[in-house]
Amino acid sequence: MHRLKKFDFDDKLYYVITTIILTVFFLLVLYPCIYVISASFSSGVAVQSGKVVLFPVDFSLEGYKTVFNTYTVWLGFRNSLFYTIVGTAINVSMTLVAAYCLSRRDLPGRNFIMLLFTFTMFFSGGMIPHYILIQKLGFLNTVWALLIPGAIGAYNLIVARTFIQNTIPNELMEASQIDGCSDFTYFIQIVLPLSKAIIAVLVLFYGVRHWNSYFNAMIYLHDKNLYPLTLFLREILMADQIDPSTVTDPELQAKLAQTAGVIKYALIVISMIPVLLIYPFIQKYFVKGVMIGSIKG
Amino acid sequence: MNTKQHSLTRRIKLRWQLYLMLLLPLIYIIIFAYVPMGGLVIAFKKYSVNLGIWGSPWVGFQNFIKFFSSYKFENIIRNTLTLSLYSLAVSFPIPIIFALMLNSMLNEKYKKTIQTVTYIPYFISTVVMVGLILQVLNNRSGIYGSLYTLFTGKTAFNILADGKLFKHIYVWSGVWQGTGYSAIIYIAALAGVDQSLHEVATIDGANRFQRLIYIDIPAILPTASIMLILAVGNIMNVGFEKVLLMQNNLNLNYSEIISTYVYKVGLASGINDFSLSTAISMFNSVINFILLSIANWGSKKLNGNGIF
Amino acid sequence: MKKIITLCLILVLTIVNLSSCGPKTANQPTDTNKQSTQTENKQTEASQPADKAKTDADNKLVVAIQTNSFVTDYDNNYFTKYLEEKLGMDIEFYQLPSAQDEVKTKLSLMVTSNDNLPDVLIVSKVLTPETILQYGNSGVFMDLTEYTKDKSKMPNYNAIPAEDKNIMDATQTMANGKMYSLSKFEPETWNLTPNRLFINRAWLEKLGLSIPKTTDELKTVLKAFHEKDPNGNGIQDEIGVYGFQSGGYGQNITATLMNAFEFWNGGSLNGGLALSEDGKKVIAPFATDNFKAGLAYMNDLYKEGLLSPEIFTADGTQFKATLNSEANIVGLTSIGSLSNYPDASKNKNFLEMEMIEPLTGPNGLSYTPYSDYSPSQELFVFSNCKNVDLAIRFADEFYDPYTSIITRFGEEEVDWTKDPAKISSMTNAYVVDGIYDKVTMAVISNFWPEPSAQTWHNFGPRYASLEAANTVANGLKPFDPEDKTQLVAKNYKYYFTKHPQHILPLLHYTEEQVEKIEEALANIPTYVNQSMAEFITGARSIDKEWDKYLDDLKGMGLEEWVNTAQEAFNNGK
């Protein structure tokens, strides 16, 4: 009885300490989020001259108005959604299949194949050969240029494989093999349903990468109708990063930066909405992982 | 010997479905990763636009020598390593601790809120984030300066002007921005922990901290080892854009890294030297790959977790 | 074999993609449908005049141009329509990114294969002479030398007054004597001397001081600013000298002040090299004793607390924040654009400031950072262009006087007017000051600072004389001589002549030369700025380490750089 009380005290202390630490960190991280939102509702002048600290200054909807009236932004938004959804679907299916196969300890040569994948994480031929390849395949200036290259990220493959290897008990496979289950049906019927957590993680990782990527679009596309949102966002973000001494008319550049400043934060907020909306859905699947434990038990 | 070989072919035959499933991903990386990898040869050539990759003349190790003998070589290598090792030492464990703490929180709602909010800053672009860092740390108008003046009545010391502080600002602002996102993988792994283990341990009289040590940590150890190996294999890569934006003339001795330096040389001459940049990235990759292999080997010896 | 594999791959991927996520892929077919209907629409639109179908193929140019946040649409654009109609041609756009690094990257990838290139390239100040020469030598860009000399091919270009055309020719001629570009010539004086000094006149008046003319007088004034609390808030928060060193448009006050000791363009052109007094020798101003004296002066100001160390750590936002703080805290600053003070004509802090002439140093020098006007090279023709004649006609059209107005000012009678009845009563700062007789045209719309589909926002070649640029009136807002933001004429008087007689023009290096000096080009200007920051803030001692600084410069290849620059300068003469 006496001992139990001591534990209670320890637990209380533990919870108090963790709550304090997490709350402090939470507040620290909350700050940039609030800042970006406040800035998006402030006048461009206030943002540009560093007047926004925590709350909106000279409350204004100017930025949002401009963004909502710009057709290209919506076009970009639609394109980005398309690239993200289709691209992520390709990524996740390819990665899961490979990760499952490579998680099987009874697969001869799996370390070598894994090495093959890992190697691509470090050594790539660089921009030129990739560009030539995309051109030869006829993907240039098509949606395929953004969907196909990078369909398997070695990093995510490794993460997924580790996950499958460690959460799906080996006994389960042995049992299913005794039942005459083939490797393929085992994957479909047992592994996939048990991998919801890692699928959620992969969807998140790949989805975020697609949503944020701009470089491939920048080099492979030249039709504005195919541009993702990030290219428009980048144009705006870079506008006040350009060194005025390198442009023909620096006075104009200074004004351009000001115009860009008005819509910059509104555009950032809008571009973050999808990644925010998807997170709660992803979070739900994290808890489903509990199931694995019960099967194991 | 003969029987062994026999059994290997048998084992391969037995797993034909797996190989079939692997076929598509393998073909894929061969076409999209290994075929273009031939382009690496330009590191040993003097790439010229009209001659193309294969037609350009060979120059041996000239590009590497050019890089090694560049004026600031020692300095930029030192800065690169300082930033990346410091970053690794801090940014690797913190997300794990964060995930463990978060996982143990009782209030589900608060837990979810923290989780979502800490994940957001990752999506704020580097340009905006660096602007924000400079604003917060401004010794007059920033939060730092204002608080300092409020408490002491004096103008604060300009911490952005001290080059020695650059690495701290760089690394800790990275923690600020990235912890929530990096913790996701651990949070997902912790979600998979068998709750009955916790129940049993509680009945046995273990407190929450002990359960964290004996149940939660072993549960994420495999994931953590893999993440560590991957992080070690990423040592030569330091966030180029962030460093470039954070540089000023008073911290340049501490903030010039390989990638920013190469960028500036290219900018000044106006010519994209693909051969040189390929040589440098190859140099980085080789080091990264060696480090990764060592870490992989070590991890396998220690706890049996490895990539290959 | 590879092709078959690729085909299979695409097929399988499509299937995987279709089967793996049923509802999501609903997007995809609709999307492609939409695109095909879009192109169909375009085609029907284009082929409506039946006879035009044939000419489409012959009369089409693919023009690669940077995206620009000020141009909402290139296709449905007044200027595009104007060109297409006037030249009886069809323009198809090939979009390039807007950021300069990115254009360069994309371009260097595009040229890896010669078969899918556009016909014409229009970029603004993206390509350095060295890159142009490299692309020219490797046959990516077409040599335009002959065309520019041919009156029948380029009538408008050849109609440009010789004096100005020579400047354009000189800019366009690369180190190998060939021209690969056509340039934009539109000089004006405001941008050539951006380092304008502004002093806090309100403080001067309050303390009964007069405007400082020399560096010594400035120090006395700054001391008073610092010690006597002129903003009257009881806190010693006044900054004497403020600016930001990495600013690109006049904000680098260390360069502004340095020019009272030694002429130095601040590194904005040729890495900061200059010419000797007789205009014959290339020199490095940042390695002279005068430069050292300038550093010592600024270090002295720093030690007395009159020069803020934030000059070296601020970025654009922080700079503006300090200029616009609640109570004005800045005594002296240097800016190019008044937009550093938002809404300047009503900005309380700006109205306290007054532009002053460059300061005179102890040796009687009184310069301002300056570089000669150099046209920007804007239009290039790719060698694989199938319809060269059309491309040349297209390029030459930009130099047509009327087109030259449209490309910058938009549509006649909508955006601008030359109607004598309307402009006779108008004036501008130059005319009021007697520099010119009368205005020649007036801007009557606000399209320029707002995103629109009127023009290409002045991308592309153009010709406008200095007089044409300085005699434009603002038809929307009558000229008000009392307006404190109308500084162009004053700037002309105070700053325009404050530079040595001989100025080093933009040097054109050959590929071999650039290879020799590229590291010096990258390292030295950065090192100079870094050392200035360290010397001024006392992180390094000027007395003890100046020689080491010179040695370091030598080690980075200063000598070879100066010699190579001399070669290039002689070659360009």
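So that you can tell them apart, the chains are marked A, B and C in the order they are listed, and the count of residues begins at 1 in each.
Note that in this section a contact is a pair of C-beta atoms (placed from the backbone, for glycine too) under 8 Å apart; a residue touches a chain by one contact, two chains touch by 3 or more.
These numbers come from a predicted model, not from an experiment.
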Next on the checklist: If you tally contacting C-beta pairs for every chain pair, which pair wins?
Outcome noted: A-B
Checklist outcome for this item: Outermost chain relative to subunit B, judged by CA means, is C
Checklist outcome for this item: Chain-centre distance (mean CA atoms) for subunit A and subunit B, in whole Å, is 15
Checklist outcome for this item: Averaging C-alpha coordinates per chain, one finds the centres of subunit A and subunit C separated by a number of Å equal to 36
Item to check | Per-residue overlap in subunit B, given as positions that touch at least 2 other chains | outcome: 24, 28, 31, 135, 138, 141, 274
Next on the checklist: Quick check on subunit A: which residues sit in contact with 2+ other chains?
Outcome noted: 50, 94, 127-128, 132, 148, 151, 238, 241
Checklist entry - Out of subunit C, which residues touch more than one other chain, so two or more? => result 6, 13, 16, 105, 112, 317-318, 321
Item to check | Complex contact set, residues of subunit B against subunit A | outcome: 8, 11-12, 15, 17-19, 21-22, 24-26, 28-29, 31-40, 42, 47, 53, 98, 101-102, 104-106, 112-121, 123-125, 127-129, 132, 135, 138, 141, 143, 176-177, 179-180, 184-185, 187-189, 191-197, 205-209, 222-223, 226-227, 230, 233, 245, 274, 277-278, 281-282, 285, 288-289, 292, 305, 307-308
Next on the checklist: Touching residues of subunit A toward subunit B in the complex: what are they?
Outcome noted: 3-4, 7, 10-11, 14-15, 18-19, 21-22, 25-26, 28-30, 32-33, 35-36, 50, 53, 94, 97-98, 100-102, 104, 106-109, 111-130, 132-133, 148-152, 155, 158-159, 162-163, 165-167, 182-184, 187, 197-198, 200-201, 204, 208, 212, 233, 237-238, 241, 264-265, 268, 272, 275-276, 279-280, 283, 286-290, 292-294, 296-297
Checklist entry - Can you name the residues of subunit B that touch subunit C in the complex? => result 24, 27-28, 31, 48-50, 52, 70-72, 131, 134-135, 138-141, 155, 158, 160-161, 248-250, 252-253, 261, 264-265, 267-272, 274
Checklist entry - For subunit A, which residues count as touching subunit C in their complex? => result 45, 48-51, 70-72, 81-82, 85-86, 89-90, 92-94, 127-128, 131-132, 135, 137, 140, 143-144, 148, 151, 218-219, 221-225, 227, 231, 234-236, 238-251, 253-260
Checklist outcome for this item: Contacts from subunit C onto subunit B in the complex sit at residues 2, 5-6, 8-9, 12-13, 16, 101, 104-105, 108, 111-112, 127-131, 134-135, 138-140, 237, 245-246, 271, 309-310, 312-315, 317-318, 321-322, 325, 514-515, 518-519, 521-523, 525-526, 529-530, 532-534, 537, 539, 555-556
